[in-house]
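Next, two complexes with subunit A in common: one pairs it with subunit B, the other with subunit C.
Up next is the complex of A and B:
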């Protein structure tokens, strides 16, 4: 129950943030720009719309994670509101999970509103056939942001907002390179091979959440892929939140 | 408190600051304007030469290679347009399309446009052919690309390859998104390459399946011509003397 209340409050607080309005406006501007660039793309305007629309959802969502997610806990520590909360019968893990759930719901709302805008634009352009692929890619982008939120909450529970943002960005970059790391590991000798494999396994496997290329071609990904991505997102987020809760539990507040 | 109510020194500092800001701003604007008009500008899109290969750009795209490919596509179109209307030099075009197709191997338009532009404007037929073959390898189910590759062999500058043209037109005719005229083009190419049996079958396919009555009648006529020529043992009557395609570029 306490987790639900914290999630609800985090969601309300994040939704009131003016940053979200800015992010959604930036998404709309990006879609507008793709329409302006369309005539320069020699018949590839539709591809431009889908690619940039989906990449925009992913980038702007990441921006929200970096700007809001990484200061979630630190802000409460700074304002000392966390002491009021934790002096009540609310466990620290419930607090962190609530924060993560609230921000994930906010990001879900952002992804949904930008995705609906993109789909509406495609329907208006007469490219209705691309909508199912775009919807799938949108869901995967939401799952990717859910994973990134768990990492941001973990960093936020352990460090300052600036460092948390840098760590989270680092996780994102390494996560995007995880498949390249696996390829590199396959070619690397002995110890380096093992090391790279471990890094690739520990990093969030973000390429799993990428269906943008398929969506741009008007194709859908398999439901097996969607199932793997959903399971991975839930399990990886659970693992990160578990680590975060353990670290947060052992932390002494002054 | 409004500036009018400020003390005289404060008001002076305020006005001086505004005056200096306007002065420097106006001067900066003039300098920028003069520099734009007088100084030589960088060559159009020469920065493309410094792009690393697509293989190296891919990790730098951080999971968004398709958006990077879109930007490269816009650049490639501009590169082509700039040089097509100025110096007709396309030295870096192969590199540009290599980046593009490595970032987005499913970008069919890039193979088609790049293949023809390299062969025609770039005068590098081998590079154009290589790019289109890479495309068909990456997109074996693209009827559009198969048709365009067939067309490439049909009009290949310096010498047609009608057998391969027929082969790819035939592939396009079998694929769901292949253009409707693929079977007719395949029959024509095979016939003029001397593959009479294949041509006859393809004409029959056109006669049976084409929604266009004129095309059906034309296909029946071709079948009849083939039958007569084969009966007379005069296959040479079926093969037209097609000219050797060349490239004529007209600049502005």
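Up next is the complex of A and C:
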């Protein structure tokens, strides 16, 4: 129950933040720009709309994670609002999970509103065939942001907002390159090989959540892939939050 | 295996009961019981250990109001943070109504007001109180109803729609107190509840605390405003340099000091005072009167007899009770000089 209350409060805080309105407005502008650039795309206007639209969802979602998620716990520690919560019968893991769930719900709302806008645009353009693929890519983008939020919450619980943002961005970059890291590890000698393998194993497997190219071509990804991505996101987020809770448990609040 | 603290200090752990079980048979009589409660901080870079609180043995009985006094950085806030789970003890333990402070459920019966409470700017007063109530175990409707009642009780009924960022400091302090009380806790832990309040605000908080006392709520509060402590508390505990210095009833403390008497006379009496009497008195000249301060109250009869015989016109004879402030200052001065291994919470 307390987890739900914390999640609800986090969602309410994020939704009342003007930043979110700005992000959704930026998404709408981005879709408008794709329509202006469409005639210059040599017949690839549909592809451009889908690709830009889905990329916009991912990038703007990441922006929310970096600006809001990385200060989610650190800000409460800095401003001491956490005293009012954790002096009540709430466990620290419940608090962290609540924070993560609240921001994930917020990101879900952002993804949904921008995704609905993109789908509506495609329907108006008469490109209904792209809609199922776009919906799948949208769900995967939401799962990717859920994973990134768990990392942001972990960093935020252990560090300052600025450092948390840097660490989270680092995780994102390494995560996007996790396939390339494996390729590099295969060619690397001895110790470096092992090191790169470990980094690739620990980094989030973010390419798993990228179905933009398929959606832009009007194709759908398999349901097996969707199920695997969902299971991976839940498991990875759970492990990260477990680590964060373990470290947070012994922390003294100044 | 040595405890964390033993590793930090290298000293053997004292013989205190293990955390997780109440100490002694009278645990039920105590709202708060601390045994050897210690908090040490270690700088992760220099590994230097600093003391926040050391070997606190303290009992707060059910239904009593205890003042927790000490200079800045003495360990008052550290104690309250340990009791509310915001800090983890390094050694020793404490129990709230028999439940170890290391369990989440021990906080179910606590209402806590931190020093200079901070709030979520984006919430309104009733939203914040409702959240506080629900987090302390109230149902949705009950929390909502009580939030509105409390907004009225603390005089913020007209500010119900206003976001907290627009509240004044006094309004926030009152809201914090309402948040601590909304679930009708059995124990109130208040860190400087009157700091920053104007006289009217202080009076409101004092009245609220008196009301809680009459309801049988146990209160432990730290304060620097000694007249309030004197007025509200049954007992006071004085903490200095992270160690408990003294626990006593307020009455005992103020009546245990020296009995000084002030004798006020009309005008400026010119009398030849015998040396034995003169040695007892300190003369203070005032515009309309002269006051003699007698430090040894037990010799009042002798002094008054002589004054009446000498024709001195007496205006008033007033026993001067030692104030809590005098005793507090004396205790603080008797304490060790501030050491460098102290750290405020």
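Please note the rule applied: the second predicted complex is superposed on the first by the 254 of 254 C-alpha atoms of A that agree within 3 Å, B and C clash if a C-alpha of one lies under 4 Å from a C-alpha of the other, contacts with A are read in each partner's own complex, and residues count from 1 in each chain.
Quick note on the criterion: a contact is a pair of C-beta atoms (placed from the backbone, for glycine too) under 8 Å apart; a residue touches a chain by one contact, two chains touch by 3 or more.
None of the values given here were measured: they were computed from a predicted structure.
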Touching partner for A:188 - first (subunit B), second (subunit C), both, neither: neither
Which superposed partner A:243 touches (first subunit B, second subunit C, both, neither): neither
Which superposed partner A:226 touches (first subunit B, second subunit C, both, neither): neither
Which superposed partner A:177 touches (first subunit B, second subunit C, both, neither): first
Touched partner set for A:16, first subunit B, second subunit C, both or neither: second
Touching partner for A:88 - first (subunit B), second (subunit C), both, neither: second
Which superposed partner A:40 touches (first subunit B, second subunit C, both, neither): first
Which of subunit B and subunit C A:28 touches, first, second, both or neither: neither
Common interface residues of subunit A - those touching subunit B in one complex and subunit C in the other: none
Residues of subunit C touching subunit A in the complex: 41, 81, 84-88, 104-105, 107-108, 110, 112, 114, 116-120, 122-123, 131-132, 134-137, 176, 179, 345
Contacting residues of subunit B [partner subunit A, same complex]: 59, 62-67, 69-70, 73-74, 77-78, 104, 106-107, 109, 113
Subunit A residues within the subunit C interface of the complex: 1-2, 5, 9, 12-13, 16-17, 79-81, 83-91, 250, 252-254
Residues of subunit A defined as touching subunit B within the complex: 37, 40-44, 47-48, 51-52, 55, 58-59, 172-173, 176-177, 180, 206-207, 210, 212-213, 216-217
